[in-house]
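The same subunit A turns up in both complexes below, where it pairs with subunit B and then with subunit C.
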Partner chain A sequence: MPVTHEDIQHWLLRSAQVLHENSAYLTQLDSAIGDADHGSNMDRGFTAVKAKIANLGDADIGTLLKTVGTTLVSTVGGASGPLYGTAFLRAGMASSGKQSLEATDVVALFDAALEGVRARGKAQAGEKTMLDALIPAIEAGKQVAEQSPIPQLLQTMAAAAEEGMKSTIEMVATKGRASYLGERSKGHQDPGATSCWLILQAFSDTMEAH
Partner chain B sequence: MKKLINQPEDVVKEALAGMAVAHADLINVDIEQQFIVRKDAPLKNKVGVISGGGSGHEPMHGGYVGYGMLDAACPGAVFTSPVPDQMLAATQAVNGGAGVLHIVKNYTGDVMNFEMAAELAAAEDIEVVSVVTNDDVAVQDSLYTAGRRGVGVTVLLEKIVGGLAETGAPLARVAEMARQVNSQGRSMGMALTSCTVPAASKPTFELGEDEMEIGIGIHGEPGRRRAKLTSAADITETLTTPIVEDLGLKAGEQVLAMVNGMGGTPLLELYIVFSELERILKGKSISIARSLVGNYITSLEMAGCSITLVRLNDELIKYWDAPVHTPALRWGR
Partner chain C sequence: MAVGIVIVSHSARLAEGVAELAEQMSIGEVTIAVAGGTDDGSVGTSLDKVIAALQKAANPEGTLVLLDLGSAVMVTEMALEQLDPSERQNVIISTAPLVEGAVLAAVEASAGSTLAEVAEAANNGHEMPKGKPA
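== the complex of A and B ==
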């Protein structure tokens, strides 16, 4: 069963809910190695996304995702706005005109998102950022995309993202605000990797219902 | 943590509304598009100078909008970089046909959002030049960090550059002055407490009764290291030494010295720090030609201070002394 544009809408709504519910948790993570605004920022951004997509009932997947991207850029601010915004914009461009996605399309969408984040943020793996959840997720996804039904693909990706998120605990940050702390950033889970996992898990949970 | 607010999510909007009426003689506030602009903008043939950043650092930047300083400022959510839409709207509002200078503090978010805004402005054929401030000596500028933070020098740069821009100088010259001031300034800060953002219920980090944090930024985040609280004399030495060293200040040179309160420290204490600073610099035969003491770039109610020194020359002094009339700084008019 492919991912339909309704599935995408459900995913986005679920993401908004999950980010809202975890707003305090993300803020707490961002207090340890940041300035305590990640929770509010993501909540604000995805609340705006919820409102925007309510009027996009018939839109193709590309349009949906691009709208998420521009909405996040215009409402989130900080580093997360441009990074998540660009991620969704690129994902949208990769899904232009599509009404449904096969497994390989899903991986391609995330790959495009990753390219966008890399281009905008200029980080790589191991710097204690959202990439440390996103990159493992895509790598794991690529391994199984050809032979997996979509729910399984997303489960695999979300699990890899979770592991990647946890691996940020022992990393020393060399990008973003946490990098000012140097060695002191060690021992704390990265808030960006956490919100990234939450969004991926929300996608997996949405498709598991099939 | 007690705050003098209504709802946390309304903090910035309500503060902007207050600023709009309190300083109605100097500024207009576009609440919808979230930017503060000087009342007489755009000024024909004058370079527009804008800046912006998270809220929570007042009076920076909104308090610096007006004659002789900023033409516009874009406030983001508390401690959050503003979004490109704000900077684009502000750029359009201050474009007098001579181009616009963006003063950007070196934080990942600020840099990215301003970059995106500059791309949007270019698409509309508005000439934008961006200058990044990165004066914080607490952080090493290396492959292993996001680079030095833009802190205290930003305020002093906005004044000096604003003074030059007011004379009708061209964009390239104004941008060059901005780069020069940034390169000649260094800062270092310390904190006695953290601060509590409106959406949180407790301070971003905890400090013991006998502890201080050295090498802090302006977003309530932990600094480079924790230490036992010592005297104002000792603390001033700790902050001043790396600044003097990094700037290579020599005997006989003149500086602009700012002792800035992080928001929660009494002026009484800031003056003690200033007196220590003067003593230390005098001991090195460095003279303070101009000074600023007070809350100029804050971090909500964080207690602590930062020191900024800018190496002066006649030109910098001239534009520092030039008249300014903004909500937070006023002299010469």
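== the complex of A and C ==
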């Protein structure tokens, strides 16, 4: 069963809820190795997303995702604004005009998002960023896309993202505000990788209900 | 016309303070536009403010952008992507330290130098002496 545009809306609403519920946790992570605003930033951004998509009932998936992108850029004042904003904008461009997505479309959407984040932030794997959750997720997704039903694809991607997120604990940050801590950033889980996993997990949970 | 200067910072007060120092050196001869803090005045960056500042400082001689920290580069690049190609090529994002770079840029710009010269002058900000190393 493909992902419909209603599924995307449900995913985005679930993401907003999850980010709201985990706002203090994300901020706590960001206090250890950052400027202590990731939780409130993502909460504010996705609260605005909730309001925006409420008026986009019939929009195609591309429009929905692009709207998320532009909303995040203008409401999230930290690095996550440009990064997640670009991610969703590119995902939206990759799904332009589509009312539903097959498994390979889902992977393509995330792949486009990943390229956007890479181009915008100029980071690579291993620098203790959201990429450390996103890259493993897409790699895992590509392996199984051809032969997996969508719920399974997303479970696989979310699980890979979770592992990637946990792997950031032992990394030394070489990007972002955490890089100012140098070696002191070691031993703390990256907040951006965490929110990235939460969003992917929300997608997986949304489609599991099918 | 002098090269324009844009100051991008996560803090509105910091951006204004840097502009204040830079203006002492250029005394009204250089347009120095600021884009500090988020739209609601908290710490962070604002795409809209950066776009507005770039538009305010835009001129045929070009614009040098000075900024405080890494994520300011991302929002500035996003702002530049929204400009016409002809406007975009006339803007350089400086890697100079914010305060020293802005002050040096203001001096050079007020002397009527080209954008390349102003950018190079700002880069000397890495070497401006400030007491002795501890």
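Following the convention adopted for this analysis, the second predicted complex is superposed on the first by the 210 of 210 C-alpha atoms of A that agree within 3 Å, B and C clash if a C-alpha of one lies under 4 Å from a C-alpha of the other, contacts with A are read in each partner's own complex, and residues count from 1 in each chain.
We adopt the following convention: a contact is a pair of C-beta atoms (placed from the backbone, for glycine too) under 8 Å apart; a residue touches a chain by one contact, two chains touch by 3 or more.
Keep in mind it's a predicted model, so treat the numbers as computed, not measured.
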Inset, instruction - Look at where subunit B and subunit C land on subunit A after superposing the complexes, then choose clash or fit. - result: clash
Inset, instruction - Considering only touches as defined above, state whether A:Arg120 meets subunit B (first), subunit C (second), both or neither. - result: both
Inset, instruction - Go through the superposed model and pick first if A:Thr174 touches only subunit B, second if only subunit C, both, or neither. - result: first
Legend entry - Which of subunit B and subunit C A:Ser74 touches, first, second, both or neither: both
Legend entry - Contacts of A:Ala36 with subunit B and subunit C, given as first, second, both or neither: first
Legend entry - subunit B/subunit C common contact set on subunit A: 35, 37, 41, 73-74, 76-79, 81-83, 120-121, 175-177
Inset, instruction - Provide the residue numbers of subunit A that touch subunit C in the complex, in ascending order. - result: 35, 37, 41, 73-74, 76-79, 81-83, 85-86, 120-121, 175-177
Inset, instruction - Show which residues of subunit C lie in contact with subunit A when the two form their complex. - result: 10, 37-39, 42-48, 69-71, 74-75, 77-78
Legend entry - Contact set on subunit A toward subunit B in their complex: 23, 27, 31-37, 39-41, 44, 73-83, 120-121, 172, 174-177, 179-182, 184
Inset, instruction - Provide the residue numbers of subunit B that touch subunit A in the complex, in ascending order. - result: 8-9, 54, 76-85, 107-109, 112-113, 116, 138-139, 143-146, 149, 197, 199-200, 204-205, 217, 219-224
